[in-house]
Structure formats: C-alpha cells, structure tokens
Amino acid sequence: MPKFFKKRGKSAGLTPGTLVHIGERLMEKPKISIIDYSPGKLEEKTVESIEECCAYQEKPTITWINIDGIHQANIIEQIGHSFQIHPLTLEDIMNTSQRPKIDYFPSYIFIALKMFYWDEAEQEIAIEHISLILTDHTVLSFQEREGDVFNSVRERIKNKTGKIRKSGADYLVYTLLDSIVDQYFLILEKLGDKTELLEDALIKQPSPENLRVIQQGKRNLIFLRNAVWPLREVINKLEKDESKLIQKNTKLFLRDVYDHTIQVIETVEALRDMVSGLMDIYLSSVSNKMNEVMKVLTIIATIFIPLTFVAGIYGMNFHYMPELSWKWAYPVTLLVMFLIGLGMYFFFRKKKWL
Amino acid sequence: MPKFFKKRGKSAGLTPGTLVHIGERLMEKPKISIIDYSPGKLEEKTVESIEECCAYQEKPTITWINIDGIHQANIIEQIGHSFQIHPLTLEDIMNTSQRPKIDYFPSYIFIALKMFYWDEAEQEIAIEHISLILTDHTVLSFQEREGDVFNSVRERIKNKTGKIRKSGADYLVYTLLDSIVDQYFLILEKLGDKTELLEDALIKQPSPENLRVIQQGKRNLIFLRNAVWPLREVINKLEKDESKLIQKNTKLFLRDVYDHTIQVIETVEALRDMVSGLMDIYLSSVSNKMNEVMKVLTIIATIFIPLTFVAGIYGMNFHYMPELSWKWAYPVTLLVMFLIGLGMYFFFRKKKWL
Amino acid sequence: MPKFFKKRGKSAGLTPGTLVHIGERLMEKPKISIIDYSPGKLEEKTVESIEECCAYQEKPTITWINIDGIHQANIIEQIGHSFQIHPLTLEDIMNTSQRPKIDYFPSYIFIALKMFYWDEAEQEIAIEHISLILTDHTVLSFQEREGDVFNSVRERIKNKTGKIRKSGADYLVYTLLDSIVDQYFLILEKLGDKTELLEDALIKQPSPENLRVIQQGKRNLIFLRNAVWPLREVINKLEKDESKLIQKNTKLFLRDVYDHTIQVIETVEALRDMVSGLMDIYLSSVSNKMNEVMKVLTIIATIFIPLTFVAGIYGMNFHYMPELSWKWAYPVTLLVMFLIGLGMYFFFRKKKWL
Amino acid sequence: MPKFFKKRGKSAGLTPGTLVHIGERLMEKPKISIIDYSPGKLEEKTVESIEECCAYQEKPTITWINIDGIHQANIIEQIGHSFQIHPLTLEDIMNTSQRPKIDYFPSYIFIALKMFYWDEAEQEIAIEHISLILTDHTVLSFQEREGDVFNSVRERIKNKTGKIRKSGADYLVYTLLDSIVDQYFLILEKLGDKTELLEDALIKQPSPENLRVIQQGKRNLIFLRNAVWPLREVINKLEKDESKLIQKNTKLFLRDVYDHTIQVIETVEALRDMVSGLMDIYLSSVSNKMNEVMKVLTIIATIFIPLTFVAGIYGMNFHYMPELSWKWAYPVTLLVMFLIGLGMYFFFRKKKWL
Amino acid sequence: MPKFFKKRGKSAGLTPGTLVHIGERLMEKPKISIIDYSPGKLEEKTVESIEECCAYQEKPTITWINIDGIHQANIIEQIGHSFQIHPLTLEDIMNTSQRPKIDYFPSYIFIALKMFYWDEAEQEIAIEHISLILTDHTVLSFQEREGDVFNSVRERIKNKTGKIRKSGADYLVYTLLDSIVDQYFLILEKLGDKTELLEDALIKQPSPENLRVIQQGKRNLIFLRNAVWPLREVINKLEKDESKLIQKNTKLFLRDVYDHTIQVIETVEALRDMVSGLMDIYLSSVSNKMNEVMKVLTIIATIFIPLTFVAGIYGMNFHYMPELSWKWAYPVTLLVMFLIGLGMYFFFRKKKWL
C-alpha cells in the first residue's frame, strides 16, 4: 500500500542539496538509455556511464536520455555535473515524496510528477516518482524503475514520418506528459470498476472486510488527488510559459493535456463522492441484514411464547380443573394452539413483517 | 447507465490528433443534412458525401451542416479537410468523453458540450456529446445519433419572418445552445419529480432497492453538474468574445442563455442537497419500520412471560400447596392472569408504547 | 409547496422573446395602478388600459406604475411597446422562474427579484416574482398578484413632507427594494420560530411526520438562499452603478439595503446549520425513545425468566425430591422467588438501567 | 438565550432613518459620561444632557463620550444633531441586530461591532451591540448597558504617563477595539472549557439533555462567527484606511488587533469542529451504554432458557421415564443444570461478551 | 494535551506592548548562547547577560543569538532595548499563543512560528512557540525551552567548508526554518503511524476509549493545521520579499521550504480525512461486534423456545393423553426435540445467520 510518509528520518536536518534517496529502492542498478533523433536520423542505445551522454550535447539533434532507477546518488550527481543541474533539482529527483511541481532555471525547466499503475500482484495502485528536465535540445527523464509507459513514445519516435520526429524537445516533453496522463485514465477506469463491484457486493453481502477496502479506496483517491491537482498547475504554467524553451505550436497540444488533467480531476472528485457514499451503503446494508435476522428470530419466539403459556396453564396442578377430565380436551387444546400459531403467522404476514 | 469512464484503452498512447472514436456506436451510418438560408431563400437537403457541402462555402448565405453519427473517422477527417479544422478539434469531436469546452482558432470557434435526454426504455438519463463549429457564415453541428432536439430550430428557420432568418451564423449557434439548455430544464423536471416520488416512497415503504436508486440519483446529478459548470464557462467566454465571429447584438441573447445556465446550476445543487438528504430519510425510515415491528413483538413476549411464570408456580409439585385444593382456585387464577395481561396492555398503551 | 421547477414544457424551444407566462395564474385580470407625484402634487388612480399610462411619460413628475398580474402576454406586450422595453426583458417579467438579476439597457434598468410571504392557509412560504423597471422618471413594478407589501410605500408617498416626495425615481426603487428586504426578515422570523418549536417537539416526542417537515424546512431555506444570494449581487451592482439613473445620494441608502441583504444571508445560513442539525436530533431522539421502551421490556423479561426456571424445577416429576414434601417448601419458594426478583430490580436500579 | 431574530415587525416598512430601537431594553435611563484629556490635563464627569458635550467639540483636547443605553430615540437624535451624524448611522446605532460594519462619512468613521460576555445568571453568553464614532478629536461610544469592559481603558487614560494620553483619538478607538477583542478570548476560554467538560460528560454519562446543550453550543459559535468574520473586515479596512483620521503610527497597533481577530476566528472554527464532533460522541456513547445493558440482559435470558428447557423435560408426564424414579436423579439434574449455566457463563466470558 | 486557550486573563486589558508571558513556564532560567562566525572564524559561547551580545553587533561577522526560555520579561526587554526591537514584537515573542506571522520593521524582519515534537512521556504532541528576528548580520532565535532541533544547524556551522559559513544571516534563517519544517515531517510520520494502528485496533477490538483518542487526533491535526497554513504564508512572503535582508540566492532555497510546507499541508489534510473516517469505522465496528453477540444469543433462545413448548405440552395434566402411556413416548419425544433443534441449527447455518 502506498504510504503517506516516506521515511525522511535520515534526511531531516541535512544540508539542503545533499543527495539522499528517499523512498524504496525498486531496482538493482540504474539503467541509462539514449534516443537521439532528427527528422532524418535515429540512434538508440543503452549506455553504461553518464559520460557517454555528454557527446550528444553538442549535436543539434534532439536527445532523450531516460534513467531508470534514481537511488544511486553518485549517478544523479554525475548527471547534475554534466548538464549543469542545480543541487536542489537533484535533491527533488531523488526524493520520491516530492510533490508535482515545475521549476524554472536559466538553462532548463524541471518538472516533477507522479505516475500511477496497477500492481496486479498486490491488487493495489502503485505510485512512481517521475522527473523531467527540458533543456534546449535535450530531455532527461527519471523513473524509479523500468516500465512500459514510455514505450509508445519510443515507437512513435521510430516512425520516421511522425510529427514527433519533425518537432523539438518541447514536443517530446509534451508527448511524455500526455502518455503519463493517459495512464491516469486507465487507473481511474480500474478504480471505477472496483468501486462499482464493491457497491454491488455491499448491497448483496456486506462484510467487515469491506470497511478496510473502502478506507483504502479513499486513501487511493487522496493520492490521486494530491498528484493531479498540482499537475494541473504544472501544465498550466508550462502552457503560459514565456521562456523560449516551449514553442507556440506545442502550447496548443499542452492545452489538450491540460483539458485531460481537468477531466481526471473531475473523475477523481466524482469517485470520491461515490466512495464516501459507499460507507453509508455499507452501514445501511449491514443493518438491513441484521434486522432481517433479528425479525425472523423474534417472530419465532413471539409465536411460541403464547403457546407455551397455554401449555403452562394445563400443566397446573389444581384439583378442580374440569377440562382436564374431558375426553377431547387434549386434541382440542392442540388444535387451539395450532390455530393461535397459524393466526399469528398470518397476522405477521399481513403486516408485511415476514 | 451512463459511465464515468469511456474505455480509452485503445486510444491511450496514440499520437495526438489520431482520430479514434471513444464511446458507444449509436447508429449505423452517419447522416449529413444541410440547411442553407438567407432572408429570402431556403434550401434543405440530405447529402451522401461531404464534398457536396463544400459548394456552400463560397456562397454568402448561412449554411448549417448537421452530422448525426460521429463514429466514422474518415467522414470526420474529410470534414476537417474541407473546412480546415485542426486535428485536435477533430479528435475532440469524436471523443464522447470530452468535457464541455470552447476553443478559439484563427478561422473558427469550436464548442463541445453535452445534451441530456430521458431514455424511457432504460428509465435513465442518457448523455449525448454535441460539438458545434462556428465559422464566418457556416455552422457545423455534430451529434452522436439522430434526435429531435434541433427540430424546433429547423421549424424556426423555415418560418420566413423569424428573426433567425435575418440574423447571422452566430445567432444560429445561440439558438442551438438555447435549445440544448432548454432541454436541461426538462431533464431537471424529470429528476425533480422522481426525487419527490422517491422521498414519499422512502417514508412510506423503504426497501433496500431504494439504496441503489439514491446512488444512481447522486451519480446522475454528478454528470449534470460536470456538464453544466464548464458550460457556464463556455457561454461566458462566448459572451465576452472579442473575435469578430460573434456580433454585439447576439451577445444580449447569449447573456440570456447564461442566466438559464446559472439557473440549471442552482437547481442541480438544490437537487444534490435533496438527494443527499434522502439517504438520511431512508435510514431513519428503515429504522422506524424495524422499531415498530420489534416493539410489538417484544410487547407480546413481555405480556406472556409473567403469565407463564404464574402458570409455572401452580405447576410445581409441592405436597403442601393449599390453593391447589381450593375449589375456585383455577378460575380465579385464570382471572388474575387475564387481569395482569390487561393491566400490562393498558400500561403500555398509556406509555404510548403501543 | 413552492416547486423547484415551473413547467417550461410549452416554452422550451420557442423563439426567444416569445412571451409565454411560466408559473401559476394567481388572479383573474391584471390590475394597473398609477401614482404620479412631485414635491407639490400627487395623483393616484387605477387605469383599465396601458395607453392611459403613456400620457405621464412626458410630464417631469415621478410616475410609479404598478401592474398586479403578469399572465396576460398582450398587456405585457403593450407595456413593452409603450415604454420601449426589450423583448428579452418582457420574457423575464413573465417567467416566474427567472432568478434575481439586474440588466442594464440604454434607456432603463431592469431588476428581477423574489418576494416571500407566509401563506397562512397552506402554512407554508409562498414566493412571488417581482420585476422593477427604472427609467428616467418612471418606475414600473410587476407583481404576480395583489399584495400589501408596497402599501407602506404608498403611505409614505402620500405623506407630503416625506423624503420620498422630494427624491427621484431611483429613490422610489430603493424604497421598493427596502420594503421587499424587510419582508425577508419577517419570513425569517417565522421560519426561525418554527425551527425552534420543531427542535423542542423533536426532543420531546419525535414522529416520522417530522421527517417531512425537516425536509420541507431545508427546501424552503434553499429557496430563500437562491433568492437572496443573487439579490445581494443585484443591489451591489446597483450601488456601484455608473449610469446616470442612480443618484449619488441614493447609493448611501442602497448600501444600507445591501447590509440588510447580507444579514438575511447570514441568518439563512445559520438556519440551514440549525435545520441540518435537526435531522441528527430527530434520529437520536427516536432512538432514545425506542431504547427506553426496549430496555424496560427486556428488564421485565429478564426478571421473570429466572423465576420461571425456579418454578420449572419444582414442576419436575422426580420421585425423590425431598423439598416437595417439606411443609414450608411452597411459601419459602415463593419468598425466595420474590427476593430474587427484588434483588434483580435493585441491581438494575443501581446500575441505572431503570 | 441570544436570538437569531430581533423583532423588527414594528420597524419594517418605516422610512429609512426613522429612529426605532430594535432589541431588548436593558436599562432604565441612558447614562452619558465624558472623559476629556490631553497629555497634561484630565477631566471626567457624568452629564445629564447631551448639550453639555458640545462644549468639548471646540477644544483641541481628546474627548471620549460614552453612552450607556441606546433605547431612547430622542437622546440619539440629539447626539446626531450635535455631532452632524447621518440618520442612517443613528439607525444603525439603535438597531442591535445590525451586523459589524465600518462606514466612512466625510467627517467621521462609524464602526458597529458586537461584544460578548458571560451571563453567570443565565449560564449563557450574552451579546451587546457596540457602536463607535471617530471624528477629528472626539470618540463617541454607545453600549446597550453599563459594563466594565472599558474600565481598563479608563484606568489607562488616568495614568498620566501612558501612551494613550500622548496619542490621538484614533489610538483611543484602537484601545477600545483591543479591549473588546480581548473580551472575545475570555468568552472563548469559557466555551472551550465547557466543551471539554461536556465531552467528558458525554463519554461517561450521556443524557438526552446533552442534545440541547450541543445545539446551544453550535448556536453560540454561529453568533461568534457572525460577529468576528465581519469584524476582521472592519479592522482590515481601518488599517488600510486612507482618510486622515487614522495616523500611520496607530496602524501598527491595528495590525496587532487584526492578528488577534484572526486568532479568534481560528479558535471559533476549531471549536465548531470539536462541537460538531460531540454529536457523534453523544450518539456513540448512548448506543454504547444501551448495548451494554441489552447484552447483559440478553445473556441472563440466554443462560436460563436452556435450563428451563431441561426442567421442562422432567416436568413431562410420560409414564415411562426411567430417570424419574432413579434416586439421585434430582441432585444430578440440578448439578447438570448448574454446570450448563457455568459453562455458558465461561463461554461468554471467553468470547469477551461479558 | 495542548490547549486551545492559553490563559490570557491577566493580560487582557493591559496596555499593548506591556510584556507579559502567556503560556506555561517550561524552564527555570533563560539560557543565552551565541555563535559568531565568518567563513574563516567561529566563536561559540554561553553568556549570562544580554549586554555581552551587544559587542557582536559592530562586527561584520554573522551572529546567531539563541535564547531558550522566554518567560522573564526583563531579559526580553533588555534584548529589545539592545537591538531596537519594537514593543509589539517583544509582546509577540512572549505570547506563546501568538499564531505564525511575519512582520516587517525598518531594521529587521520578525517571524513567529510553531515547532512540534513528540512528548514521549505524555504520549502526545507538544507545541513550542519559536520567534526569529533577522537583522543585517544578526539572527535572534527564541525558544520556550532547551531543545535539540537546532543542533544539526550548529553542527553545520561548525563544519568549516559548509555553504552556511559562506552565506549571510538570511541563509541562517532559512536553515532554521528548514530544520523546523523537517521536524513537522517527523511528527506527521508519528501521527500517521498512530492513525494506522488505531484503524487496525478499531476494526479488531473497538472500545469506548478509542473515542477519546479519535477526538484527540482531530484536535492535534487542528493544531498542526493552524500552525502550518499561516506558516506557508510567512515563507511565501519571505520569498517574495523586497527588503534587502533576503538575498536573491537564498530565495531559491526558501522556495524549497515553501514546497515542503505545502507537502505538510497536504499530508495534514489527508490525515484529517483519514481520522474523520475513523469515527465511522469505530461506530460500524462497535455495531458489528454487538450484532454478532446479539445474533448468537437470539439464536440460542430461538432454538430452545420451541423445544420448551414441546416439553410444556407433555407437562399438561389432561387425563386422556394417549401418548403418555406409550412405552417409547419419552425417548421418541427426546429424539424429536433433538431433530427440531438440529433442523433449526442447519436452517440458520444455511441462511448464513451463524
């Protein structure tokens, strides 16, 4: 389950700019892959050390450097050194509890955001911290682990005739943002389906276990909300950008992502409404079930108590009880008891209590 | 039931501007109809291919092209090509999960919005995605299926003396918006009536089925709210418009639609208040019914338990129980029992427990 | 009961500016009355046709034309024609579901607002749609039915030395607004008293009928709120007015009405808080009553069940039960039973269960 | 108990500026006291008629005129006449339901606000309407009754070396505001203590009477909130003031009062949170108590019912029941019954039901 | 437990600027420690009297004076005198109920804020009032008691190569703010852990004691919220600062603290959501437990009541009951009873009531 609090204990009180990884280590060794492209050319490779990336800085082609694994401070530091990244930016890249934000520096734009995917093993949403750095013709992207969310972007770059090949680094950043926001829709569909299933389950057969699931659903939506509200702000700032890094043409596309973000927000808020309604449904459903049980049991008791009373009467030991010696007394008494029981049964039926 | 999530799975990760229909396919083959009019002239026809529309572009008359059915990418693409529509706009036209918005392009204004109607078969509200494009003297409207909401507009155009015949394309857009917002009032009346009926039903005879209906009501109102809040923004922007496509005279009418939109918002919010009150009523009503049942049952048991105790006493086998041999013991005991029962009955009555 | 939705079915889809009365018809025949005054002169009369009003337009005196009854389209149309009123304004006058608003036109200011009074017959608040039109030296007021809310204004005009006689048409509009807002305080007092009475009733003797009353109270407050929030905006705009129709001196008085409107809003919000608290009180009060009953009943059962068990023991038919033949067995058993019962009673008392 | 609604019935419909006292009459005869001071001089006296105050208007010294009792229209009118106060201001002074506000007039600033004190007799908060008028070198203060809240200010003025003696009339107004806001802290402490006591009482021994106390607490906090939110606005406006009546030096002190006001607001909101939590605690506490009782009672019944059944078996009159004639049957049966009871008792204990 | 209200009784009504300590006295004697440093030099000492500090004012080095203990008015007064601090600032330093704020004075910036730490002894959060004063090259910090939160800052200053040694007094203030905000994360982790533990406990074994813990949790979060919202404002103002006391370079770091503050706010709001959900869980969990108990008990009763009735029948004393004299009657009856009981047991099982 995602945690509200990444342990910061070690980091608290350190000089700012000290590089400490906050979060779980999700892979062994960071992996650096480079895609360098221009309308006519494409080069893709995986490199071992960061120095190999520097060569691309002088070329006029668009270079996308993707780093999977952000837990090794020395690698992040090397990158910072090679690309003149401010120490506070490096700190934010390694701090997986950093909230989405955009920072403008003289030579680059830094974007931090969150990606969500569905962890089938844990049956739970998982959050990944993503950082993007946009410089003149280079894009750096940092992920916590290897994933397939950027694969479609890679495919599109390989397609020689695609718009992306003819556009600048800013369009690449847009494409990455777009694929991340698209991912949000998938996770919301998942949560939406689960909510509807849960709602049905709650009405049919509520169990105390559902309580935990509802709380977890609430928590997931808080995570999504905390990720997507600031993301909206990030994209809005990017669209309103006045630096030269974002071209006017790309802004139209950023507007489109912005729209999607608002749609995600609306859906998250709608889901929050639904989930908080689930608690009411659970409570009322539990009490309905309980009431049904108690009603039936009480009715059984109510039918037999008067009958037992009648039996009690003829169990009294008075010497002068004329009925006792009457020959048909016993069967008549049984019949009367049966009729009383039947009468009560129909009375309860008529009252719709049964 | 309308869904929060249209399946986007196929579309996620595609190049933006790729035309993919998101939503259900509601009709077989798109239908294109044209009304071309000027104060003195009127031409109405249904065309097979989009090329036939192009001829009207050069005429000075007002041309309204209505397309029912937005699931065929090639048709939308042709239209985009003929009227120089931006690919992102075409994408929004085909994406039925697009939220209401207004986009300004150099040569046209694009408006996306939602229409609601009551689906008698499903006893449920249905949502339709509507797109409007306003150029100099042409209006394009896109609907998911054939419907009768624009019929009154057609009638008004046919009326030779109507204001609409003398006004520009912007006035036609206003008329279309107005007829859609009027539709909202009808759906709100429907929902309002259903809410009041439900409230009565809840007080009289609550059933677990009502839970589902209340949740559904909440969800419908969320849909309406998500449709109408951004619509307000859309109309407001249209009214404040500074492009030359909207004439000053028409803005007065747009102000009127704006007022209606706010009225819709107020009614939606009021209904939301009412519906969320229904849950309380349901819960309290269920518990009232249950309490009534349990009280009556418990009172029956309470009356008979002491009587059974009395019978139990005279069922004891002690050798020395003088009452047993007294001749009137039995009838007197019965009488005493009857009086105890009667006394308790009146006591409960007096206490207003019965 | 006021309705959220006036039937608009007939009106939906009509050309804007088509005059259709939306709402109930509250009187037979509209009544037009005129008060024409200047510091030194006063003329008051009831006219049959709207033409008689036109004569006053050329005089420099202040003319107040009050129309009771807004359901006859032809009369409203005539007025529109005589005073050059825009068709959209006429539509708003006849549409009783129009929310409070202010509209500026070149030659007049149009104000729509709501009046509330207490309908003693229905024991319910009633809403009336009021429209005011302020031109240079004429005020037109439209009411749904004859009422006495403007009587005090008439009295003040008749008083030769009053400020109103010396002031312009804008001051007359202020006076009318002021008398309507004063009316709000009366209705709030009424609702406040009823809420307090209901609160007492709920604690003393809750009944399912109260549920309906609480819901109705909520709905009334929603009506008031929807009427008074936009009214605040209306008066604020009037006060900030830059047309020449409102004189600077009158604005000070409008500020005063504005203050009153905010006070009304605060009281409405406070009442909403109180009313939504009533639901909790109702639920807890019902459950308190129920608990009391169940507790007493259960205690009676609990006392007798062990006693019945004792009686059961001595009802067993074992041959060797020495107590049975002991002479004092019976009275001693009765005594023991009595003591057990008494003991339990005091135990329950001590535990504060009784 | 403070009322939401002061009866305005008499006043509604009157000419604005007509002086009518709205509220309870709290003292017999208004009392007018004057303190006139300069750095070197101090004069304090109680006057009978307002004319005596006028003499001070021409002196350059600071004059503070305090009027206790605002129900006599003629006195307020005289003051208005002597100091050129606008009729609307006089109306606001006498209207105890006037909300806090600040009004700028050419020659003076008018401040209306609320004071709260604890009414020990009624065990309830009491609200007083206070008005302040600041002119060039005169301060007028109006209270509903004699009180001691301004005594500390009087003491400070008498202290020859205090800052107040060297400062202007604006500093005196600040001092008065400060002493009123200080009073708010006292009332909040009181309400806070009572809330904590109530919380303890609710957990230990909930009673239906608490319901009323909680509702009253809510209402008190609404009063405080309605008084203190606009007060914040008042002080903010005073601090941002651009008239010459407030000196720059005093604004630093007003900033300080502003801070205190925000602190009051925060505390009020926090208390509102706590009080609305009390309702939940009450409900859960009542149901806890009830559950405890029902559980114990049901357990008693549950233990005895099987035992009674056993006794019932041996009360049957079958001729062939071998146990009946066995010598140890009776004691063994008793023993078995005892063991069954004991077993059930320990079973319930183990299940933590007892 | 932290209190909403520090007793202000003594202070209310005093001349503003009168130095009175509001809050608990947490240590005996204030302790003044000085760290004076420049890139090349470091001096650290504890002084007895405030005069010793003054010498540093003339040196160009950075001087950090930390005062632990703020309850002695004369010491605070001396400091105020030595460093030309405004009396209102001194009042704010001593008033532990002062909310976070920033005040600009010509020669210094004053910052008031709150620190939170976990009081292991009381198992409760504790709040400390911290004040910072930044002048040209001096930083004054005031704490209520000796603590270790600033130790890491001291360590960093002692480190000769650290950035802090090369930077100005503004960077020192940033460092202090940063270490305080880092402390917030620790306290939030603590509260988060406790909330999750509580949630588990509530589902497993709810007890009335939990109610108190939930209320306390709510209250703690209100404290945090009231501390951190204005802190955000403080840091924002500091970052936007236009005085010369904050250098441009430091603002980048302040932006970083600002980000952390927003993260704290988000976490506090998320925790508030979780905690208010706990109440629902508690209520539902209590009622689940109760229902389980009542159901089992009722089922036991329900099984035995019909059996007792059968026994009652054969306890009747009718003379003609043929079964009584049948030899196998007794064992058969017992068998029938057993089968009825078993049947009911399996019926309840099948219905999932057991």
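Before moving on, here are some points about what is shown:
Labels A, B, C, D and E are assigned to the chains in the order they are written; within every chain, residues are numbered from 1.
Quick note on the criterion: contacts are C-beta pairs under 8 Å (C-beta built on N, C-alpha and C of every residue); 3 or more make two chains touch, one makes a residue touch a chain.
As the structure is a prediction and not an experimental result, all values here were calculated from the model.
Path length between chain B and chain D in the touching-chain graph (shortest route): 2.
Residues touching across the chain C and chain D pair largely diverge in numbering: under half of the numbers involved belong to both copies. Chain centres here are Cα means. That of chain D falls 27 Å from that of chain E.
With centres defined as mean CA coordinates, chain E is found 44 Å away from chain B. Residue positions 283, 287, 294, 298, 301, 305, 308, 312, 315-317, 321 of chain D each touch two or more of the other chains. Against chain D, the residues of chain C that register as touching in their complex are 152-153, 156, 162-164, 178-179, 182-183, 185-186, 188-189, 192-193, 199, 203, 252-253, 255-256, 259, 262-263, 266-267, 270-271, 273-274, 277, 280-281, 283-285, 287-288, 291, 294-295, 298-299, 301-302, 305-306, 308-309, 312-313, 315-321, 351, 353. Contacts from chain E toward chain D in the complex involve residues 3-5, 7-9, 11-17, 86, 88, 91, 97-99, 101, 103, 208, 211-212, 215, 218-219, 222, 226, 279, 282-283, 286-287, 290, 293-294, 297-298, 300-301, 304-305, 307-308, 311-312, 314-317, 321, 323-325, 327-330, 333-334.
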